[in-house]
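Both complexes shown next keep chain A, but they swap its partner, so chain B is in the first and chain C is in the second.
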Partner chain A sequence: MKRTLNFNIFRYNPQDPASHPHMEAYTLQETAGMTLFIALNQIRELQAPSLAFDFVCRAGVCGSCSMLINGRPRLACRTLTESLPDTITLLPLPTFELIADLSVNSGKWMRAMSERLETWVHSVEETDLDRIELPMDPDLAEHIYELDRCIECGCCVTACGTAQMREDFIGAVGINKIARFKADPRDQRNDQDYYAVVGDDDGVFGCMSLLGCQDVCPKELSLQTQIAYIRRKMAFAGL
Partner chain B sequence: MKLIYTDVLVIGGGLAGMRTAIGVKRRGLDTLVLSLVPAKRSHSVAAQGGMQASLANCVKAAGDNEDIHFQDTVRGSDWGCDQQVARMFTHMAPKAVRELAAWGVPWNRVRKGEHEVVINGQRVTLTAPAKAHGLITARDFGGTKKWRTCYTSDGTGHAMLYTLGDQAVAASIPVEERKEAMALIHDQGRCYGAVVRDLISGELSAYLAKATVMATGGYGRIYGVSTNAIINEGIGQALALETGVARLANMEAVQFHPTAIVPAGILVTEGCRGDGGLLRDKDGHRFMPDYEPDKKELASRDVVSRRMAEHMRKGKGVASPYGDHLWLDITVLGEAHINKNLREVKDICQYFLGIDPSKEWIPVRPTQHYSMGGIRTDYRGESPWLSGLFACGEVACWDMHGFNRLGGNSVAETVVSGMLVSEYIADFCQKPENDLTVSTHLAAEFLQRETDKLKRLFTSSGDENAVAIRKRMEQILMEKVGLFRNGEHLREAVEELQQLLIRSRQISVASQAQGANPELVLAYRLPRMLKIAIGIALGALQRTESRGAHYREDHPERNDRDWLNRTLCHWNSEDDTLPVLDYEPLDVNTMELPPGFRGYGTKNIIEHPATEARQTQVDRITEAAPSDLNEQLMPFRHLLPEKYRGDNERLEDSNP
Partner chain C sequence: MKMMITKHPSAWPARFDLMQSATGLFLALFMWLHMFFVSSILLGKDAMWTVARFFEGYFFFGTNFPLLVSGFVALIFSLIIIHSALALRKFPANWKQYSRFWQHMRSMRHADTTLWLVQVVTGFIMFFLASVHLYVMLSRPELIGPYASADRVWSLRMWPLYLLLLFAVELHGAVGLYRLAIKWGWFDRGDPQSTRRRLKTAKWIMSIFFLVLGLATLAAYIKIGIDHSANVGELYTPSWMEVQQ
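Presenting the complex of A and B:
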């Protein structure tokens, strides 16, 4: 399995007047168990010290390192090179603001989405922290956690047909958040409140059901089900 | 010159920073948070197994309370911790879990009736009473007498950080992402904020604040293999050190976690063993009971890690191209349990090892994991030497962990200390004498200094390569300042790390990009990492005893007589290559739990002369069982903000 890998990597630093967008080629000897995290660091260490990319946890949980890997949005840290052909093309996620090379500002996008959808438990009561907590059904807690597992990596937004056309579309990530809070009895918002933030074409009604989102979600969230569910609820709420 | 003013500048957007920002905002102060990365991508998000709090809701937690949590924590610390702080912490932990529950964390809950669990390799049926149904449940973790670790599957850090991140958005707290603190602005023993670099544009600005909070996390990544996120490089500790005034403490106290996968070094949670997983050697033999008949796989991390290394030294490791390892066997837990409660572990095994952990054993070995040491603070989270500088979370040595932290106590610390420190900060800011009176000259001076440093890197003709120096630093720490230490290796480490620091002053940067520029970032961070590395190695060299995670083969005994103290570390001048160490004694006469045997690990203690008398005194007071026992043994409640002094209710109180 001693392969030579040929990388084609997008290079462009908008802050650097001398830089222009182009693809650059690098070659690397593959090693056993090599991930794109390892490969990109080797390229940076030995060939391209200024190459920008984002890794944080490097364990598939923080959502920093999504990029287009041979055309498909994926988490680079947990992509083994052995799962790829020997020519590997890496591009930054489109849809998000480019910082440089493979680094994009998905954090800014996600924060705006959170502000718009108010992705937090809305509750007016102050909790008495000395008292036993309110009970919650164990199955419900597990269900909420299931929806809470989104890592805001942006893959679903990149794979979304609507997001390509509508700049303000909230994407599957946003709709799933609404499903998460709607399932949570601690959030005292009602369907009308949710309708106010997702009941339009930039919200759940913009989805064209192409379901690229579900195909690429690294956490395998049931995005299709959640979108259908929220659409149904919002259709009623809008009547 | 760009100046930004706020009341409280929070540097770090992990659990500690977020909870602090929310706390000061609730007290009516203006605040903003800086983070190297989007806040929700901070290292905290990767915490897996859970958060300790003595709620006592599940069957195996019956009878748990703050006292037992306190004792476990002190034993875990190998008597290195500040017992008053540990008391404050264990009192607050249930409140913190309950607050997070109210804010949205979907904690796993108790289910009434019978359920099967695995204990000591055996399937056991437990029956949960109906009255506990729906309350927050807990799992077993190392070094604890009760099942006390609250969790959401094995994505606890994720659920907690997303909840706090969202609450910060709800509170309209600005979080400035991709901003790096480069220096603390200070004068005459008072901190006034920080010089900050925008990692996208490269611009430097001065942020001025009444209070500055370091919440920048640990320093694991200066080791070659670590479970930490790659941004945990100890920069926060280094910035405090570079003031020359603030002090770090116990930098040599570095934790190695027993179970990181080989070779990637990615953690699989202690929850694996807590839920019943076993450690096996090359013969498939479960070896931990041979060494630790009582706690077995669930002794504290320092002990389990050392036992594993000891066993591998006996030739019982599994040989691999990446060195020896052992096996973690969670097949005994069954697929259903893994799919529900250990799903990140399952993903990690699938993606990084190509195995199914419900069918195959996981290759693991002890790996750098946690920094007990950090910026020394008082119980209020403030530096005793640099007023206005606060620190909390992993970056701090608040000192509830001493020389070894228990699993589940760290995310608990981040939130508890955020709750407390934000109150003390608010009190500090409300005092007129702490108003911000800094001159813009001072800000300009610090800004200029950082500007010049960066300019020097761009124009330097030095011929040193940052990547090579970094690799060597990582290697030295791994080989000479690891799990087993000795004087000879530590001396070599201190010597060579100093050489590296000198060489690092000759690094030059080829790429001239002002904004995103990873080459530049490494160049200015590396000398800071080296200072931390030297602090660790020197602390370890001078501490001629073994305590918690700090183990000296040439001094295997815990020496309370000479070393019941905290190492303090400060850096006098920029040109120095060594910090200055001095020591802060721990007072046996005020301890609620005087030094003793931990109940696991090897018993090898040189006693402190005052221990026996104090123990007698403690026993006498305890036997008399006064209603204000805590007050008589070691008062701590008066240190807490008033609103947090109340007792924690438990099921046994509500249903007598």
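Presenting the complex of A and C:
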């Protein structure tokens, strides 16, 4: 049965002095297989041309369209309207800088986090670009690939109670990245080096194991396991 | 890229994290044992008298040494103070943080997030209620017994404190143990999500079990306290000693 969907969407453009934060209501006829991404495009095309929201891939790969959907962070492109009630409330992700309406600058946050945690391969040797890379055990390569599937959508940061209270907390995305580089034999950092970037209350010891991150990750990454693993390693590295 | 890290971080965050977990683990397991000791009253006054005197060394030395209990209470009190001080690091520090967490919790409707607030609230309650109980145990350890404890509960009107403390301790301890297991990845062989579901079920079972046991125990002390209210201050003499007399 076709439903009429009632959308409550946050509207605010910080660049426009006349704009003020408010919720606007829109209605839309639901169609078969409709995702929130499709619904938002229809609203923008037919009802609100100035509505700002982000998307690139439309397939849950780029992580751009994350937003608070009825209070929980999710990807708009991976959310079928049929999984939601008739009334749908959409808000931009908190924690990140608001660009306008549902669009946030999660990239700025992610870049700052990456620079702080130095999420790149560290080596004491100069890389010889002409030399063939050393072979890697397929299981290890698979493990690193699994951790690298993070799309930096920011859902885990928004779902984290600690990150909501403490702006400097690196979130599950940061801890997962440390786990990824720690697993990589090309990264020559030792546990003391990793401790230097995540061994405090803004790092892994700030995590209170509320597991909002685990429960909302659209890529279903093993964040619970990675956080516990890094916590064990860093606790003993710090002693 | 070459190595860039040059920081020399403090070891204290790691030590604090381990200490918070270790003290929490010890205290939560101790509280379960404590409940079994206290609930010995359900087996009869003689059973409770035997447990109380056992910890005073009566069956080892032939006489009571209440100071042994005081010493152990002092150790527990110290661990609670250390655990509380370490846990305070995680408490919201100002109104902005409280309001953000409250908003976040209501928005997420996520059980583990909500349970954390339960831990904060029960922990806060215990700062005060547990301190009262521990000071009494520390200063008058010889008054642990079927009549003395029941008089304290009923005639000295401690039962409201113990009722609140029971709920605070049993919720806080079980949630804490569940979170410890998640935090350190215990029992995580195979499928962490099914482990988590099982741990959560175990958490509720343990909370309910100890709450029921605790309520039954408190009711037993209240009953004895009411019956003994005309003789407050009289200590219990076990049945076999009465026969000897």
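The rule is simple: the second predicted complex is superposed on the first by the 230 of 239 C-alpha atoms of A that agree within 3 Å, B and C clash if a C-alpha of one lies under 4 Å from a C-alpha of the other, contacts with A are read in each partner's own complex, and residues count from 1 in each chain.
Basically, a residue touches a chain if its C-beta (ideal position, glycine included) is under 8 Å from a C-beta of that chain, and two chains touch if they have at least 3 such contacts.
Since we're looking at a predicted model, the values are computed, not measured.
Contacts of A:Gly199 after superposition: chain C is touched, whereas chain B is not reached. In the superposed model, A:Gly212 lies in contact with chain C only, and not with chain B. By the touch criterion defined above, A:Gly60 reaches chain B but does not reach chain C. Once the two complexes are overlaid on the shared chain, A:Leu239 sits against chain C while remaining clear of chain B. In the superposition on chain A, contact of A:Ala25 is made with neither chain B nor chain C. Of the two partner chains, chain C is the only one that A:Ala159 touches; chain B does not reach it.
By the touch criterion defined above, A:Val121 lies against chain B and chain C together after alignment on the C-alpha atoms of chain A.
Residues common to the contacts of chain A with chain B and with chain C across the two structures: 118, 120-121, 123. For chain A in complex with chain B, the residues that touch the partner chain are 13-16, 18-19, 32-33, 35, 44-45, 49-52, 54-64, 78, 80, 99-101, 103, 105-108, 110-111, 114-115, 118-121, 123, 127, 129-138, 141-142, 144-145, 148-149, 151-152, 184, 186-187.
Listing the residues of chain C that touch chain A in their complex gives 1-5, 7-11, 13-18, 89-90, 92, 97, 100-101, 103-110, 112-113, 116, 179, 182-185, 188, 192-193, 196.
Listing the residues of chain B that touch chain A in their complex gives 37-43, 45-46, 55, 94-95, 97-99, 101-104, 106-111, 133-137, 152-153, 155, 158-159, 162-163, 165-167, 169-170, 175, 177-178, 200-202, 229-231, 263-264, 266-267, 321, 340, 344, 347-348, 351-352, 354, 467, 510-519, 644, 646-651, 654. Of all residues in chain A, those touching chain C in their complex are 68, 71-72, 94, 118, 120-124, 126, 159, 161, 164-166, 188-189, 193, 195-197, 199-201, 203, 205, 207-212, 214-215, 222, 224-225, 228-229, 231-232, 234-239.
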